[in-house]
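Down below are the structures I want you to see.
You will see subunit A twice below: alongside subunit B first, and alongside subunit C after that.
What follows is the complex of A and B.
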């Protein structure tokens, strides 16, 4: 492993980027919580972030994959709706707002945690530099 | 292998490179929303390392800092690849390096002063 005294900063940054992408995903779910048609006659399918890491290189977190939540679409009775089937039921997105809000909280806290690490590491390097005084 | 280069010159080149990098970061942040903009960075460490490795003494005035497009970050839908997080991180690193150079310079001056006081 390459020794680089500024590596913790890069790791914190990867965390920040992953969490901001995660929040983007959550906001997409919340915004589409009522979208009954994605253009192909299906309702919006909830998406989720998949975070991966490489333990050998210790180079932070990656968020390259966005996976779809394959759980079943709930149906509601709405006979006048353009997407309603012959019995009057409409498939709605498999997004549950309370879950999204919890995930948003977790993501925001994780973002905050990464900035805390970044800030503390910066202070640590500055203390080291004090030795040069 | 030691070089005849004056430590002051080395630090000066470093500080100059860091201020140029600060400028590129400011430019990147200013263009955060500009469609099609690609972030720029300064290639300095590699250039300096190459110069220091060569067997002849190097003329540090010729160590040219290079501005280039790294194209490493993800491109957004508007063709822009600036991420605010990356820029903030670069700025923190830049700040720390700058501080290091300035402290080294300060230390060097202290040493000179110390040497002058000995009678």
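What follows is the complex of A and C.
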């Protein structure tokens, strides 16, 4: 397999982009943690990123699929709420903030790891070029 | 681990450290030109490749600043690529010039 000296940059870049998208998804979940109506009378459904890879070509990570979390909506007692049923219960989004915070930490750390690889690779190339001097 | 194969030795008619391949032997044999001139030509090719990378990084910076592109990561990677290839070019150029001046200052 051919080794291109710029490949690690592209691979780390795919990791950076995937983690940015991941953080975008998490921010959507957090922002909509109280959204009881998505326009169709249903509360906001939590979304999650699905990361895929192509091991044959080593071209980094892809984040093409965004999957919905199909777990059940919890209900809270809120009579008088426009979305409340006849017993006064309102379906709320299946977002749990502690989980999102943990996922946010994981995504931020993964982003950091990718930048660390990128930085270290640049240093390695510079060290190699020192040999020319 | 780091191989500058696709960028340099493909453009470089002079065989660097490995054995000479057939095409190489033919060019040096028939033309009989100096390896130094070939190296200069290879650097010319490399300059245009580095220039391409520089221009794409310029374009991505422009796109970011004008709001056409909002992906900071791709801009950073384009700049990093341009930076790395430029450093390689400068390193090779310095080495070539050093070799040239050393040869010119040689006592005959």
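General observations
Here, the second predicted complex is superposed on the first by the 131 of 133 C-alpha atoms of A that agree within 3 Å, B and C clash if a C-alpha of one lies under 4 Å from a C-alpha of the other, contacts with A are read in each partner's own complex, and residues count from 1 in each chain.
We adopt the following convention: a contact is a pair of C-beta atoms (placed from the backbone, for glycine too) under 8 Å apart; a residue touches a chain by one contact, two chains touch by 3 or more.
No experiment lies behind these values; they were computed from the predicted model shown.
Subunit B and subunit C, once both complexes are superposed via subunit A, clash. Contact with neither subunit B nor subunit C is seen for A:65 once the two complexes are overlaid on the shared chain. In the overlay built on the shared chain, the residue A:124 is in contact with subunit C alone; subunit B does not reach it. When the shared chain is aligned, no partner comes close enough to touch A:38: not subunit B, not subunit C. When subunit B and subunit C are set side by side, the one touching more residues of subunit A is C. Once the two complexes are overlaid on the shared chain, A:27 sits clear of subunit B and of subunit C alike.
Looking at the shared chain after the overlay, A:133 reaches both subunit B and subunit C.
Looking at the shared chain after the overlay, A:52 reaches neither subunit B nor subunit C. By the document's definition of touching, both partners, subunit B and subunit C, reach A:6.
Contacts of subunit A with subunit B, set against its contacts with subunit C after fitting on chain A, overlap at residues 6, 9-10, 12-13, 16-17, 20, 118, 122, 125-126, 129, 132-133. The touching residues of subunit A, counted against subunit C in their complex, run 2-6, 9-10, 12-13, 16-17, 20, 118, 122, 124-126, 128-129, 132-133. Listed in rising order, the residues of subunit B touching subunit A in the complex are 83, 85-86, 88-89, 92-93, 95-96, 99-100, 103-104, 106-107.
Residues of subunit A that touch subunit B in their complex: 6, 9-10, 12-13, 16-17, 20, 118, 122, 125-126, 129, 132-133. On the side of subunit C, the complex with subunit A involves touching residues 1-7, 71, 73-74, 77, 80-81, 83-85, 87-88, 91-92, 94-95.
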